[in-house]
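Chain lettering (A, B, C and D) follows the sequence in which the chains are written, and residue indices restart at 1 in each chain.
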């Protein structure tokens, strides 16, 4: 499954893990301003904000997993299996197919606030990109440095939640994930105090015991709690290097190691890639499961007045630096 | 604190994290065969097996944190505060100072079995390297591809335990750590089955729920369980690249993120470095907190007939690969 | 707070704990068929099914906490603070005050199925029994031997849920409580199997380890899980004595011991009473915190054609049987 | 398995649960001062302190499970399977068979301090009561109002531990049980504070959340933690009735409900009986699984100058008080 987080130092950072048991041929894709986005029901967006992110390109179309646009607005889609529910076209609504949602928002909004306005009249439809494939069941994190919202299309309709923790994983729905955090409110990065009994001389025999009770497994609810604790307590310098390094450490807390999560047919879920966007500078950083080195693509080094997508295949083998 | 693990694919791998709130100026150090090891009570070892590992060099002497020798025997010292107990010199024993222990074993043993023989007559003494500094309170993991043992010098004397899991962290003593694993025997990388009640239709709403109950905090006992689960279930190809990559993922499960473990004086414990030795090839790989790329030093590219230490200062800034 | 459970052997049993830090003067009350129930908006019910249960009598009116009627239909109200939401009177609805809800259902329904029909047109109103006291924030468990439903009056309106586990506690809402049970599906009354690693000889060092992970605290979510596990796995003979005894053991798993749950002002929440109704025979059994002996009142030993309430003050001191 | 606890208000109380999947025909037994205790190696104790407790009488000999003597010294034996180790007779030691240990101590000691003195020269032997039955593997809690000790006969010899918590269950050894309490030091009867993040408005949605993390299963380690938390935080009045009532509530926290702990052959472990001795007054109170009412036997109402045991078979059926 997946985990998305936000992180703010001097600049604003946004990224995610993609955890799955196979890959779909994703690459880093810059969509320049004049690439025409053709929507099923909403016409064609001839010019729009440029964006960079991870996408699978199908028939020349960037199916973004997550992206940031040139205004610093970020958006990621994460699995929401069994709960996502898309509708047929509706009158008086912006009918946007599930796979068009990221271009629709990032193409025209310069902030999460503006996106929230658009969301009031949106209807996420069940149009298929490929007729033989049902739409991916997702929910979304939309964020800029001023705040984050979670968007869920469920049976009852579109729900938009303020997301004060800046974290999203998968099931259960976001509201329940947030509620469960109450069960962990006692966790702390500090050494625990003895509240068990004044009459017993209990002691911390190790550093790190203040967070005893933090779940360590890879289920979506446990990753939500662990990512939230790590992100909310993260400390780093605010330089680009320190911020990016710390961001990858935060998402490192929810990595899937091959072998720890077996899926049907004896396959294993792994963290296929981990990304970190500097939303202010339009830089997309990533690592892959087989390459610990951070690779970077800078949107603003591309010609953003172009009509063609710029594509950067992933660097996937370990790039080891030999010292002798 | 720290975590050490072993991992065996085609080759044998051994490594550790060093978690602390400050650094002591460690570097990768190759000790060639003719560097003279002068022992406090055991004379001078003029020739010995060459070794590579992480060390702080003090007065020309390599104080190894962990190392592997040219025969593939590996050894690491990990914090054991409050439990380690060193003695005065004893008659009829090999009196080895705590800080000499790694050279003593790796200098002359070609296997864990041979090391076990030596351990039968060892006495770890409280000799100080610097007279003003008490000896570090440590316990040790000694391993080759055929097995691993844990060595603890406690009040009652030297204890040597078979270590079937190939993992060591810190407190409590190893035997209790192993015992606590019994409490996690139900954890699994597979999807959980409903044993709660046949009459309820409970279900796995997320992948990864088979390991619900795995602790996620940074205390030494929780890291022991998490590292054991991750290592025992790890799956990877057996090429050098796949094995090394997977090894760093295993230790990634017990990384300390800055901010999650506060120490006295408002400092934070972080994983200062993570290492992985290919014991068969004498290659030492490492990453640091601020550099996700793997750096490597190959012992066999040095002249091992030398008398001088070969030193490689750590690469500590993020080595980012720019794609445009 | 409180826990309600159902249990079925040869007869059907229903009961609850009442956990609080003070008492309101409750007693066992039999309401005979001709006691006139005057409803705020629904007129007067001159004749109705007789019922027995625990109630606080205010101005001659039985404010039932839980009760069973002569047809074997059972109903209990449990705290639901912060989530319960009662409305003003509505047209075309059965407007029933929160405090009238138990008489309204038990007075006229002979089954949970019939109650579900009535619930389709109910509106729970915020009428106050005493003008100075806001209505208690509750949700309800309604059950007979064929099934159980949970009723919640929330902001969005009345919600009725099938309750396959036959357990109700307090917050969060029932649907979320049920969802959380998925996280405990691996728990079992049997000895755990080693799924951690085939290569380690882990073992059950104690009986009862199959349920490791079962929460032991007194929060409402933990009590829900614990009561569900205990009830779903409970085994007893089906005689009256064995069934009643086992029922009190099930609720024993969620007792509040004085001192373990401190409330504001240094008071302590305790299990003020525990009840068990034999729904088929109209017998009400109870214990109190200070009296472990079971006391019983049989509805059918009363004259049910009466108009007056029959009242049995609680036996609260330990009734110790001296053997010498 | 079993749980023993101490509790002190105005008087000193001591008791235990006996959890097992079958019964051995135990009864309340008063041993008067002149009943001759014949020891295998230590001769015959013709006169001794009188004692009362639960025992299985075999060939006229009281095999006590737990007892209190007329001086207020209490002692209980609890299962310690796999760890208990009894020796052959030794020179210069008090050779006491495992089954003679309670009479040996309670017969001649008036305090835990005096018992500790005797323990310095004891050797617990593997003499069998019945030649065909191996000795029960036990460890012991010895306590008076001034303190408690745990006695374990293990491979290395007799170990005596100060027991500051006044609780004993079964495996692992006591020292490890005590150590594990450190992992629960943050638990509290008070409402939890938000230490997770100041930036999130987490809240206690239920009473009792301060003890989130308390284990709820029936394994011996979980019962130790739960009994310790309940006992150390227990609050009651100091009258006999309030103290006894509270004592049974403390042990109520570790009751085994039938069905929750399945043993080999499809049997179930239950709490066969729960006892509470008033050590100052020599009163033995108990309940059984099938009888919630407390039954009492007063040692001082017997003729303690007798030579014959006084026996009180258990009252096992529910003693229900009918109110109408």
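Here, contacts are C-beta pairs under 8 Å (C-beta built on N, C-alpha and C of every residue); 3 or more make two chains touch, one makes a residue touch a chain.
A quick map from chain label to UniProt name: A, B, C, D = choloylglycine hydrolase.
If you're wondering where the values come from, they're calculated on a predicted model, not measured in any experiment.
**Student:** Can you list every chain in contact with both chain A and chain B?
**Tutor:** Correct list: C, D.
**Student:** If I average the CA coordinates per chain, which chain comes out farthest from chain B?
**Tutor:** Between chain B and every other chain, the largest centroid distance is to C.
**Student:** Pick out whichever of the two, A-D or C-D, is joined by more C-beta pairs in contact.
**Tutor:** Comparing C-D with A-D, the pair joined by more C-beta contacts is C-D.
**Student:** Between chain A and chain D, what is the separation of their C-alpha centroids in Å?
**Tutor:** Each chain's C-alpha centroid was found; their separation is 55 Å.
**Student:** Report the inter-centroid distance (CA atoms only) between chain B and chain D in whole Å.
**Tutor:** Centres of chain B and chain D (C-alpha means) sit 43 Å apart.
**Student:** When the C-alpha atoms of chain C and chain D are each averaged to a single point, how far apart are the two points in Å?
**Tutor:** Result: the chain centres lie 34 Å from each other.
**Student:** If I count partner chains per residue in chain A, which residues reach a count of at least 2?
**Tutor:** 172, 179, 183, 187, 190, 205, 209-210, 212-213, 219, 221, 229, 233 - these are the residues of chain A that touch more than one other chain.
**Student:** Flag every residue of chain C that touches chain D in the complex, lowest number first.
**Tutor:** 1, 19, 28, 82, 170-172, 187, 189-191, 205-223, 225-226, 229-230, 233-236, 241-242, 244-246, 248-250, 252-253, 255-263, 268-269, 285, 287, 289-298, 301-302, 310, 312, 315, 317-324
**Student:** If you look only at chain D, which of its residues touch chain A in the complex?
**Tutor:** Interface residues on chain D, with respect to chain A: 164-165, 179, 181-188, 190, 192-197, 199-205, 209-210, 212-213, 228-229, 232-233.
**Student:** Residue numbers of chain D touching chain B in their complex, please.
**Tutor:** The touching residues are 172, 176, 179-180, 183, 219, 221.
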